[in-house]
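Two complexes, one shared chain (chain A), two partners (chain B, chain C).
For the complex of A and B:
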């Protein structure tokens, strides 16, 4: 304990010197943790310490911490690996090898991309937690409350990086106006270079297809723009069906969603079958539009974030050999059909809204 | 002259075999060139391994109560037989050294990177030496304890990894060039299954009335062990997907991903102990084979004086065999599968054919006289 500095968050940025990498580590400052019972906290001071070093490689930079730190950085408890936007756009491939090679790093650490510099994120304020890493980790663990953030571990990221067709993605983290750390949107990579972003709405479009959207709120817009209804997603299942017909590649995505009526700010009475069914249709429409929006963005970037290429590989292994190296020329012209079957199951503790008509 | 007074029971042999098959296979997972078809390669390799085992056990039943060394003497005559036996002893010594090295590298790599390799190898070898001195009966009894623990551990690990597994990681089936597939499956056959040749030193000490069951028992046990191994391969392949290709120790990497409600996580240290037990048993069997064989060639009254000197040779070979881990990987996948062909299949098959043509052993009384 006394010879180690527990790293909770790792930030990687481009250094000012060309070709070098700047590493920021957030460690727990154990000298500031008051032993229990000694009375009184440390005031506003959070027991964290950010250290910054540059080096030619990640490993070189890590060892430079010991120029000043008497304690060795200790990684098994690190929670998040954040790449600065600039370095992400140049390619993270060079700076990810250390994390797959070093036995101290665990593969379930989350990978993120910072809006701006990663070191600025580490200086931000993690709401309700002491360290940025723990905060990000817990937010990503509970991603399904909104399903608009995609949790990507180092293991997921490496798997996508190794795939010839599937493009890596990572959640975007930023410091907002209140200096709080917040997650919003998804960074899309082509090979190891970041090429664009998905909005939170498009992120959920991606999650529907990846079979990961297991929660979240869908807001339905009724014809009258002031009337809105929120559906809480309980579960969803997605099936990807690839098809090759007349030398044309087609993908059908079948999504089955279950939800509950969570809130309505309209006086309309949904306690009859007909209007209840209309909710199902509206929900399905929203899901379809989210998936299509994500798909459109992906085709613009020409980045197969959904893993449709792998789906073709599984179904047509023989044809795939011809397509595989040429996938970049196929993906932008891929036809997508989205079929959504939505079932709203419960209406909470209310049958009708109390709102006067 | 009786070098070994112990006897092993049916369950002792079964668990020993299962542990032996799991042995170092579980940490290095040979045959990864087959990528997502690795499980197919394992099924093919296991089938090849069953053919090996069929030959070994046919020999063992044809020459009851005889070890490989005595069988060689009977088939090839005292001089050629001794030469062949000597080459087998060298093979067993090398095998022990390789197993030690695999485990040494693994423990140093993942647990204690700052400890010198020799510490792991020396202490494992000492443990092995103590087991060998106690004889085969004790080794077999150890496996009755370690075997079930290892099996239960591997099943628990598989259950806990279920949320991480994706069946799509092993699809499509059979999408692999035939050449790669044969190479991968032969590697699998040679690493755990062909190495069961060391059991020709063990079969001789089965309880007398069970000799006739050796073949049936061995083949059934290998099938059972293969099923457990296959479950592990499925688990690792489904969990890791493409990243299995870039990891040195896939099973370990997969186990590190276990996370059930943030409670059951970081379990690898526990699982490593199960691995340790398996490695100990595997190295003990081949160590025992080498020691007993040497004593039989030299016609000693006891094999105990040989245990430590051979142990020294094993430890030194183990350290000098490879300069780095990459050499070990290249050796396992590109050299060893071909290098081991004569020991694992060539000579045993030839022995069996000669024995069948010359109708050896001639008579039960005759063979007893040759034993002196």
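For the complex of A and C:
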């Protein structure tokens, strides 16, 4: 155990030398963790150590760490694999093989794309945790509190990469001037190359369809722009129904959402069936627009991030053989119908707003 | 080389010859004669000039003034009863008898008239006489009569019935066996007042001549068990039996196994319960530890208190004992395996905090664990043997030095202290297997420090296979799990309510299988249905 350097985060960037890769590992410096009870210790220094190496391949770079580090980098505890934006746009395929092949890498580590360089992210100061990896890991684990970021594990990413039609996606991580790390938006890949981004709103549009939006806050837009209502999503179910009609490919997405009335800053009383129903309709409208926005972006990029291709594959295996290789020509012209059924269950501990009318 | 072996063999053969000669000599014991003087001389020749031997010649208070003598051993006899019920009637009260002839035509008649003690028998050989005297009996020889009367006057200072030291219970009887065989048999007899309860005694030990008693319940005991025990006991040809452990080591099924195949207990209630399940107990004079056979592995996790308290907590505690057995054999091995080979198996925060705790420890994990384990064993041994006052001092020093100083000096890591401590505590939770678990712990530890978790699995499998091969007096050690006896599972992992324990364990005995009636579940009548 004392011969190991525990890697928590792996950052991959393009090296300055052409054709080489630069690897940044964030390891925990166990000599700096003071055992609890020994008193004192600490200070502002976080017990982490970033190591940087370049090499022709990822594996070569990793082995080079042994020139300077007395401890072998140990990967099973790594939490996140971050690709720099530049290398992501160039294609991650070359630099993901090692992580697929090596037994020390867990399949459930998260894959992310950095805005800018990955090494800059690793220099960021995560709040409350001392390693970037653990921080990112915990943020992604509780993605459903907002449902506006998408957790993608190495396993998910590889699955999408290996699929002929489904496009890989990965959450985007960025660091601001105060060195704070935030997750915002989603990187969309075409094959192994990043081609664009989804906004947080569009990301939730994607999550509705992927059946992963199990929480989050929907803010309703009322006619009066000063009045706002927040609905807390508590569950959602999605059904994708592919259909081939008149030689046209159609997709119907049926979303059933359940939520609670979480907050209202209007004096209106919703405790009657009619206005309650209007809330349902408004919520459904927001969900619909989110899904459509995401779909529009996806068609723009011509990247099937929803996995609609696989849905056709399952339902029409015979027809699929003809479409499969030509999916790029079908996807931009796919017709999407979104049906949303929203049910607001409870209004919390209050029935009416306390706001005076 | 071969000649050397041949010599050894010859020596062994000689030994055998000597032994058989001994046995022949024993069989040819001289008969007691009718002449008192000759008899006394022979006895003196055998018993020598020991101070504690009392030979009391006297004259029977009858007309013909027959000479007689009492032989007894000081300290083993109850002096009061010898004085009041033997010497006094024989010397004084005999005078009041109106008998013209010699008082006794045979000495048995004395028992009818003058010896006022319940247990009297007649012996004819010198050896019998000496043996019985050495047990505390008094021998009466009368001139002119061949043979002697052996009068039971045993009575010596012995420890009273106290609470057993090794098996304390919160709820349940507080009495424990003592060193005196007769007291122990009485304790069992008081629990089971059944005419079928049988005690069979034999003497083992050429020189110690220790009484060994087999106890069983006729009609319930496993068929063939008593014969098998007797067969094995008869084979013991040694000169000294001090404790039941001697017997155990001479008759056990698997002498090389770390697991004991013979149970021992200090509690009469435990013995009574085991006898009722078809087992037999072996009592040895001079020790409070009673052996019970056959022993199943599961018995190590049962205590009498499980049956005295209500089944819920009793079952939980039983599961807890099994858990602590596994902890006690596996904890150090797992620690070493995880820290040296399988760091990826620990949750990340735990891995990091353990890594930081091991920072600066100068020994590899396995040496660290070995040294600390060794220190604990030394501490335990020292603590047990020392007088209580000093023992406390030792444990304070041990706790301070090992627990506090070793960690702050950076010689061992704090997590290991926890591991060793929990191992120690766990091993005390299953006392019957604590010997075995110490041995297995070490084996698994060695396997883990060379082969990691693979080694632990190999070790555990090996132990399981070994356990499955063991038998205790014909009963598979792992019964009722292997071979599976579903009906017997009522008293294994979970202790069923007493009213559901209908049958005796079938892996032990199939005789008189039903020990209680069906439908004994208490069902108090509803108040509404009354009247």
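Definition applied: the second predicted complex is superposed on the first by the 356 of 357 C-alpha atoms of A that agree within 3 Å, B and C clash if a C-alpha of one lies under 4 Å from a C-alpha of the other, contacts with A are read in each partner's own complex, and residues count from 1 in each chain.
Here is the rule we go by: a contact is a pair of C-beta atoms (placed from the backbone, for glycine too) under 8 Å apart; a residue touches a chain by one contact, two chains touch by 3 or more.
Because the structure is a prediction, the values reported are computed rather than measured.
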Next on the checklist: Using the superposition on chain A, tell me whether chain B and chain C clash or fit.
Outcome noted: fit
Item to check | Contacts of A:310 with chain B and chain C, given as first, second, both or neither | outcome: first
Checklist entry - A:79 contacts which: chain B (first), chain C (second), both, neither? => result second
Next on the checklist: Looking at A:30 after the superposition, I want to know if it touches chain B, chain C, both of them or none. Which is it: first, second, both, neither?
Outcome noted: second
Next on the checklist: Contact-wise, after the overlay, does A:51 reach chain B, chain C, both or neither (first, second, both, neither)?
Outcome noted: neither
Next on the checklist: Quick one: is A:162 in contact with chain B, with chain C, with both, or with neither? Answer first, second, both or neither.
Outcome noted: first
Checklist entry - Once the shared chain is lined up, is A:6 touching chain B (first), chain C (second), both, or neither of them? => result second
Checklist entry - If you stack the two complexes on chain A, which partner ends up touching A:134: first (chain B), second (chain C), both, or neither? => result second
Next on the checklist: Between chain B and chain C, once the two complexes are placed on the common chain, what is the minimum CA to CA distance in Å?
Outcome noted: 6
Checklist entry - Can you list the residues of chain A that touch chain B in one structure and chain C in the other? => result none
Item to check | Residue numbers on chain B that touch chain A, as the complex places them | outcome: 109-110, 113, 168, 171-172, 174-175, 240-243, 245-247, 253, 256-257, 259, 262
Checklist entry - Within the complex, which stretch of chain A touches chain C? => result 1-2, 4, 6, 8, 28, 30-31, 33-36, 47, 74, 76-77, 79, 104, 134
Item to check | chain B partner contacts - residues on chain A that touch it in the complex | outcome: 100, 103, 106-108, 141, 155, 158-159, 162-163, 310, 313-315, 317, 320
Item to check | Touch list for chain C against partner chain A, complex | outcome: 339-340, 343-344, 348, 351-361, 365, 414
